[in-house]
Amino acid sequence: MNANELKGLLEAVQSGQISPEAAVERLKHLPFEDLGFAKVDHHRALRQGFAEVVLGKGKTAAQVAEIVRAMLRRKGSKQNILVTRAGTKIYAALRKLNRAAKFHAVSGVITIERNQEISGKGTIAVVSAGTSDIPVAEEAALTARMMGNRVAPLYDVGVAGIHRLLNHRDALTQARVIICVAGMEGALPSVVGGLVAVPVIAVPTSVGYGASFGGVAALLGMLNSCASNVTVVNIDNGFGAACVASCINRL
Amino acid sequence: MNANELKGLLEAVQSGQISPEAAVERLKHLPFEDLGFAKVDHHRALRQGFAEVVLGKGKTAAQVAEIVRAMLRRKGSKQNILVTRAGTKIYAALRKLNRAAKFHAVSGVITIERNQEISGKGTIAVVSAGTSDIPVAEEAALTARMMGNRVAPLYDVGVAGIHRLLNHRDALTQARVIICVAGMEGALPSVVGGLVAVPVIAVPTSVGYGASFGGVAALLGMLNSCASNVTVVNIDNGFGAACVASCINRL
Amino acid sequence: MNANELKGLLEAVQSGQISPEAAVERLKHLPFEDLGFAKVDHHRALRQGFAEVVLGKGKTAAQVAEIVRAMLRRKGSKQNILVTRAGTKIYAALRKLNRAAKFHAVSGVITIERNQEISGKGTIAVVSAGTSDIPVAEEAALTARMMGNRVAPLYDVGVAGIHRLLNHRDALTQARVIICVAGMEGALPSVVGGLVAVPVIAVPTSVGYGASFGGVAALLGMLNSCASNVTVVNIDNGFGAACVASCINRL
Amino acid sequence: MNANELKGLLEAVQSGQISPEAAVERLKHLPFEDLGFAKVDHHRALRQGFAEVVLGKGKTAAQVAEIVRAMLRRKGSKQNILVTRAGTKIYAALRKLNRAAKFHAVSGVITIERNQEISGKGTIAVVSAGTSDIPVAEEAALTARMMGNRVAPLYDVGVAGIHRLLNHRDALTQARVIICVAGMEGALPSVVGGLVAVPVIAVPTSVGYGASFGGVAALLGMLNSCASNVTVVNIDNGFGAACVASCINRL
Amino acid sequence: MNANELKGLLEAVQSGQISPEAAVERLKHLPFEDLGFAKVDHHRALRQGFAEVVLGKGKTAAQVAEIVRAMLRRKGSKQNILVTRAGTKIYAALRKLNRAAKFHAVSGVITIERNQEISGKGTIAVVSAGTSDIPVAEEAALTARMMGNRVAPLYDVGVAGIHRLLNHRDALTQARVIICVAGMEGALPSVVGGLVAVPVIAVPTSVGYGASFGGVAALLGMLNSCASNVTVVNIDNGFGAACVASCINRL
Amino acid sequence: MNANELKGLLEAVQSGQISPEAAVERLKHLPFEDLGFAKVDHHRALRQGFAEVVLGKGKTAAQVAEIVRAMLRRKGSKQNILVTRAGTKIYAALRKLNRAAKFHAVSGVITIERNQEISGKGTIAVVSAGTSDIPVAEEAALTARMMGNRVAPLYDVGVAGIHRLLNHRDALTQARVIICVAGMEGALPSVVGGLVAVPVIAVPTSVGYGASFGGVAALLGMLNSCASNVTVVNIDNGFGAACVASCINRL
Amino acid sequence: MNANELKGLLEAVQSGQISPEAAVERLKHLPFEDLGFAKVDHHRALRQGFAEVVLGKGKTAAQVAEIVRAMLRRKGSKQNILVTRAGTKIYAALRKLNRAAKFHAVSGVITIERNQEISGKGTIAVVSAGTSDIPVAEEAALTARMMGNRVAPLYDVGVAGIHRLLNHRDALTQARVIICVAGMEGALPSVVGGLVAVPVIAVPTSVGYGASFGGVAALLGMLNSCASNVTVVNIDNGFGAACVASCINRL
Amino acid sequence: MNANELKGLLEAVQSGQISPEAAVERLKHLPFEDLGFAKVDHHRALRQGFAEVVLGKGKTAAQVAEIVRAMLRRKGSKQNILVTRAGTKIYAALRKLNRAAKFHAVSGVITIERNQEISGKGTIAVVSAGTSDIPVAEEAALTARMMGNRVAPLYDVGVAGIHRLLNHRDALTQARVIICVAGMEGALPSVVGGLVAVPVIAVPTSVGYGASFGGVAALLGMLNSCASNVTVVNIDNGFGAACVASCINRL
């Protein structure tokens, strides 16, 4: 039953053809999904003021371009556009669509910034342990920025050189949310979590070899963190960490 | 919005107080769950003609007795009652409520049979490999019977003595659905699946030691079965296998 | 010993050349497999009215072509032919053999449809969660169709947007068997299983990264489903799911 | 070196006894930790307005009682006291110390509520899937409440009966943070995450058997959630989830 | 159909009551397993001259006693009787049945030796690494002896004290088959395998703690042995190793 | 110290130049390994009458050619030469060295047969389940033949078509040792082991996908075999299985 | 052949009874291990000045007492005696043998100190993260002390409160070897390793729950440590860590 | 605040511009890390007299060249330069910078030796089991040499040919630290550890196939070593083993 049909039913009630009781009965047995218009668009809720996102991985340059073209066409929309896990081919295709497209080679992220408004309440610090964690950290940082947050990147502050981390304590304590990216033993979130009183989103990375098992060692380390303000997202999921952080930063 | 409120709205339409268009608008923005009466009671669908089931594990004898007392009280209901993973204490409590309660010690199942009607279309064969798989097989067989199916148990027909299994080929080919319970290497469903053309529900058991890893070896064996009519349920899940088999046997 | 030889033996008994006792002795020591005619051709049983199937993976185009040529040559046979996990080279080779050959690029399936008869009793719904699950879902859908079933594909109805799934409840409740394809957390079969009263065959896919462990997360999720009408096949095994579903749909 | 000693050094500089250069040298070689006053007491930061917490597990009743007695003695402090993973023996010991001690048998939590002030900004919803997840959910709910948050418990809303969950959508959308407790397939956070725009803290529970592997199946399901506002804490860690949720709810 | 019935059929052929063609038809459709006499009694083959075996674990003393009583009753049989994984209760029950019953407390094996004939061609050496591996080694040694083999036990010759092992080289080189029992790193079979030219059956034990994972470390070590005459049985499976060794020793 | 030097020392004792006591002292402090002649050349023992073996994997064609050239040069030696895991480049290099070199493409084995003498006492049957197991089966069969054994290959006799296997029962019962190669669920060795009374060497293969985990499912199935004459070697280790089988076949 | 026999042989050579050639032959065929005196008593080497050690676990009080009585009887020996993983029963038995026996309840260690000489060159620091790691830390500390080392215990200095650790930097930098005991995420050794230039022996503990997997999370964290002076021993192996540390401290 | 600023502050105290109390206050609230000079440069400590190290993996030739150019520019520094996990491209780039650059192809290590001084006290023996372990062994050996240690490589001494190992006992007993590199079953460190009284650093390698699981089998074997002087580093971590060994060799 679509809106027209419902209107028809109600008109039949109005005209006395169908009694209100009979109409209640008919509506009662309608599966709600047939009402169509009653659906929650939860995505809108999630995206309000957020970036539009395309996962580049597993899509051809043409497919991504088509999706982004549709985004660019929507009138009135000035949301930022974010393409993750992209390569140079996708970038070339998007560059033709919009000259503002930028390729961030370290993380494979493409951004089309159309809106520099900051809607997040505080700063999101993105802390990473080693140089090889930077791709994931940059994905997180760019995602957070595209979603309207102030971002403070603090890279290369691993726990084996604890003083480098302590040198950044000010930046850490000024953040409203911290994203903590680390591979190998995944110890960074525990130390960072102990230094601050705000939520720490831990992102294990698949960096390392041997018994790092593609990030599992770091993941387990983070899940067992002895700091009580640490939660964890999936391995290499910089994008997801930024979504959660941004979601917290709007509260 | 409950049924009364909806009726009020429709009466307002009838009386001309509200136009059909306005009513459509109001209904459009109602969250469907507030309609109340539109909900699917999927459980009813599942249970029609089926047994009522209580998981005994983790509940005290008093708790189980209370649940079963309520089941027994429902007028007009003559469904069978099944308590799984129960012990002698629960049995003692239920025996006081209803003299028909039977305790099946091997599987820890208690049955209160109130209805011997057979509603399943064919026979469900329950095949098991070793004597130590019998508790799970019996749980499956009793569940299937309580749900209104004819059940043919074929125990102790492991693959290392293939002729014992082949001796039962007639019983196998006469079944409409086969539940296949096996621990250790979990090879039985592959052999059985190759002998019949009906669906085989494989149940790995936690029987075994060492590298059986509590049923994981059997589970993996079954998931990798080379017979194309085999599906798998969780380790030791005789009850679940019988639910699926019963569900298929009613089609 | 074939039927002729057996007849000869029996004729010798009839003519008195061999005593019944001696014949019993000879028959006693015959390995049953030499009787030939006593063997179950379970494959025939399985395939009656079904498609002929070739697994393309690991075979050269020439090898697949040779197998399919033999299938095409069999007089009187009008079974559909299905090649799974194939590529463009295999397709090119088969196209030369038969102009009806079609390549389904998303799933790597090649079909040669020679028979559009529907022999399955009801409809098999193939539900999938994300766009990246579609290759496996399409393999399942094509296999089910080639095996003579009506198929209703419902793609992209993941659990994080529950309303898209609920919108398809009609299609779900009209299916006789449901194949449910999902990667990542593998939650879809639980939700679908809760909405219907028919068997749900769950197929985990290797989609995802990090702690999805090539489909293990989805597999475990499905094995632990809280819906009692869910069974599971191996990761990415769309073909196997369709075999089981088809096998159920003929009951 | 404490503040007095430092002052002494500076007075010696002032009086000319020690040159500024020599003082710099002396300060240079002081281990910073001897400065005393420069240290961050991050625990204070974390605990401000929070409950005092004792992990009961692995401690004797006497040990717990001694710790709590010290907490009760601190003048001016009116913080709530929370003992997790406790049993009846610990409760008996604490009951003697303070008549306000309450034992919550389902979760094994003991609370001594001394302060009912609500300091968290919004409501923390605690959603759980099955009855066996309630101990962990209750640990989370009590922890959150003791830490000064409004808590809305929504129990027994598993994904296989999706309508029960949808019935609570209002409560969900009114929460500022959601804790989502689930065992078995761990699918609940994905569905909940799709319905709301606030952060969802997922807690896998060790409920289940066979291939649930003591909560690993649920943990993996949650880490691979397709909803982008979900983060995860350790298995059965209701306390930790509440700490993070409370930490977010104060932002 | 048993031999008598078959004879009847053949007599009917002989007497002309049934034509050979009709007899062929009837025999054709007989499931071979109904022939009865055509079946392989592989168990007899395996057991000829071997011990009768009962797995004590999971059986009550009464159940084991009943099984053993039946074994003792069989006329003419003088096979040794072996009960594995038994305790003192089972021993007490068997002691009443037969005064020759002996309890080997270290391994939980009960033997009733009725036949001291040596039927194995050579000696089976049973080598074990540490004192805690002796229960499994003894189970292997007793099983091998009960099955009619000469057994040479060489205990406590771990690889970290390589000279103790080398001191026994004579015994090793005189064995026809070697069973090698080791927990922890499972290195012993590799070293032993390098010293001899006969088959080495490796038995990992669940001895150890931490990352020994209940014998998995030893199992993996043995599967990856760099000696090419090593095969492996399941963790703690001393009985199985002796079966294989005995089977080889009869060749 | 070699034999000559030892003789010199003893001659000095004989001639009185060195006292027996002094000689004892000198010998005492000699590391035994310097005695040279006391060492066990276990490799000779293993290889007597066996093939010379080169593992091709990880070596360049030039490296393999150099090793084989040295083998060919040894005067008087007429042992077979076996190169495993080789490709066409290695084959081209060896073909130049010796025209008898043959490349077995399915298994990647190169053989240079110089000796057709059969030294193994019986026949080694090599049974495999599916076509994709044939590479490993062929490696086993060629290795066994090159080591002087009669080999009976029985391919494509998987457990889902049990009659194909039973058709070969004669061949199975005539073997002295059986190598059983299977991927997927690894059920074949259990069925075969139940049909015969000789040792069965099980080789899991990495064939399969999804939850076969590169052969782990088959490996676990084989370790948990319910047949008591089954032992296991590493995944894909056809060569190792043949070494053990050959070693048994010489006893 | 012992030294006397060898001397006899050499005297026979001297006297001309046996020719040097014949003596060479006889010596050639002697298994080296019969020489006796050529063997390395590596245990003596390891133990010189070390404690005598008994693993209490798996032994009865009587068995331990018997072993310790033998140790006490050895004349001239004044080595310390260490019993690990013992309980009160073993302690009671040893207390009767020697009044110096002390039971350390936290770690289950019993010491009989007979020698307070310090033979290790520097101090071994034993650092542990949480109170529940103390049993393992104490086992390490007592073992190290009994083996003649100065020991500096630094407990409860976890990484989430990094300043507590930094407060002990002096003690850390004064150690010659550091044993670092930690459960949960196992991050402590990385931080400690970054602060010092001496070897750090990391001991994972089985402390924790959920995804700590009995110490595996900590083990993996330590193996993947980003500090380059960290090595790892088995889970809960405080004794082993002390052995290695003591071995290093004697260099 | 740097040293100059601190001096300025102290001069202000000296001159009376600032009172000692005010200075204390200012110093009190300075985060210690801003003091600059108080920081431990633990890297300097670690590297004193050590090689400078660059991890080649994951870096372009240009990136590595830039880093090495900076190292070469530092005046007065004559440290050795070590690039690990490098290829021919990186080598070509470094060769242009410095003619002393040498490429070690087996291990992918590039060395620029500028200092042949031996600072380690004893010899580090590097023992490896098979030819395929040599890359990791060579990485360890070159790292140890570049860090100023005498190195004794003992390759190809696996445990299945125990006499080859025993032949090198002298070299083993003369080492001060032993690095033991082994794949497959990882048994070598246990045997070596039993022969010597010095620390043994075990390095598992990812050599092997099937159930070696990329080095996990060897890793577990080493962690469970029955020799008490063995510690373990990560799989394939030859560099790390050499760091620890060098660190021990300087004590």
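Every chain is named by a letter (A, B, C, D, E, F, G and H) in the order it is written, and numbering of its residues begins at 1.
Here, a residue touches a chain if its C-beta (ideal position, glycine included) is under 8 Å from a C-beta of that chain, and two chains touch if they have at least 3 such contacts.
This is a predicted model, so every value here is computed, not measured.
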item: Each chain counted as touching subunit E and subunit H at once; value: F, G
item: Subunit F reached from subunit B - shortest hop count over touching chains; value: 1
item: Listed chain pair B-F, B-E or D-G that repeats interface E-H [over half of contact pairs the same by residue number]; value: B-F
item: Rotation, 0 to 180 degrees and nearest 5, that superposes subunit D on copy subunit G via CA atoms; value: 90
item: Distance between chain centroids, defined by C-alpha means - subunit B, subunit G (Å); value: 55
item: Separation of subunit A from subunit D, taking each centre as the mean of its C-alpha atoms, in whole Å; value: 25
item: Separation of mean Cα positions, subunit E and subunit A [Å, integer]; value: 59
item: Rounded Å distance, subunit E centre to subunit G centre (Cα mean); value: 39
item: Residues of subunit D touching at least two other chains; value: 31-32, 40, 42, 161, 166, 169, 194-195, 210-212, 216, 219, 223-224, 234-235
item: Complete list of chain pairs which touch one another; value: A-B, A-C, A-D, A-G, A-H, B-C, B-D, B-E, B-F, C-D, C-E, C-F, D-G, D-H, E-F, E-G, E-H, F-G, F-H, G-H
item: Subunit E residues within the subunit C interface of the complex; value: 3, 6-7, 10-11, 13-14, 16, 19-21, 23-24, 27-32, 35, 37-38
item: Residue numbers on subunit B that touch subunit D, as the complex places them; value: 31-33, 39-40, 42-43, 58, 204, 206, 214-216, 219, 234-237
item: Contact set on subunit D toward subunit B in their complex; value: 132, 161, 163, 166-167, 169-170, 209-212
item: Touch list for subunit E against partner subunit H, complex; value: 129-130, 158-162, 166, 183-187, 190-191, 193-195, 208, 210-213, 216-218, 220-227
item: Residues on subunit E engaged by subunit F in the complex (per definition of touch); value: 40, 42, 45-46, 48, 121-122, 169, 176-177, 194-199, 201, 219, 223-224, 228-235, 239-240, 243-244, 247-248, 251
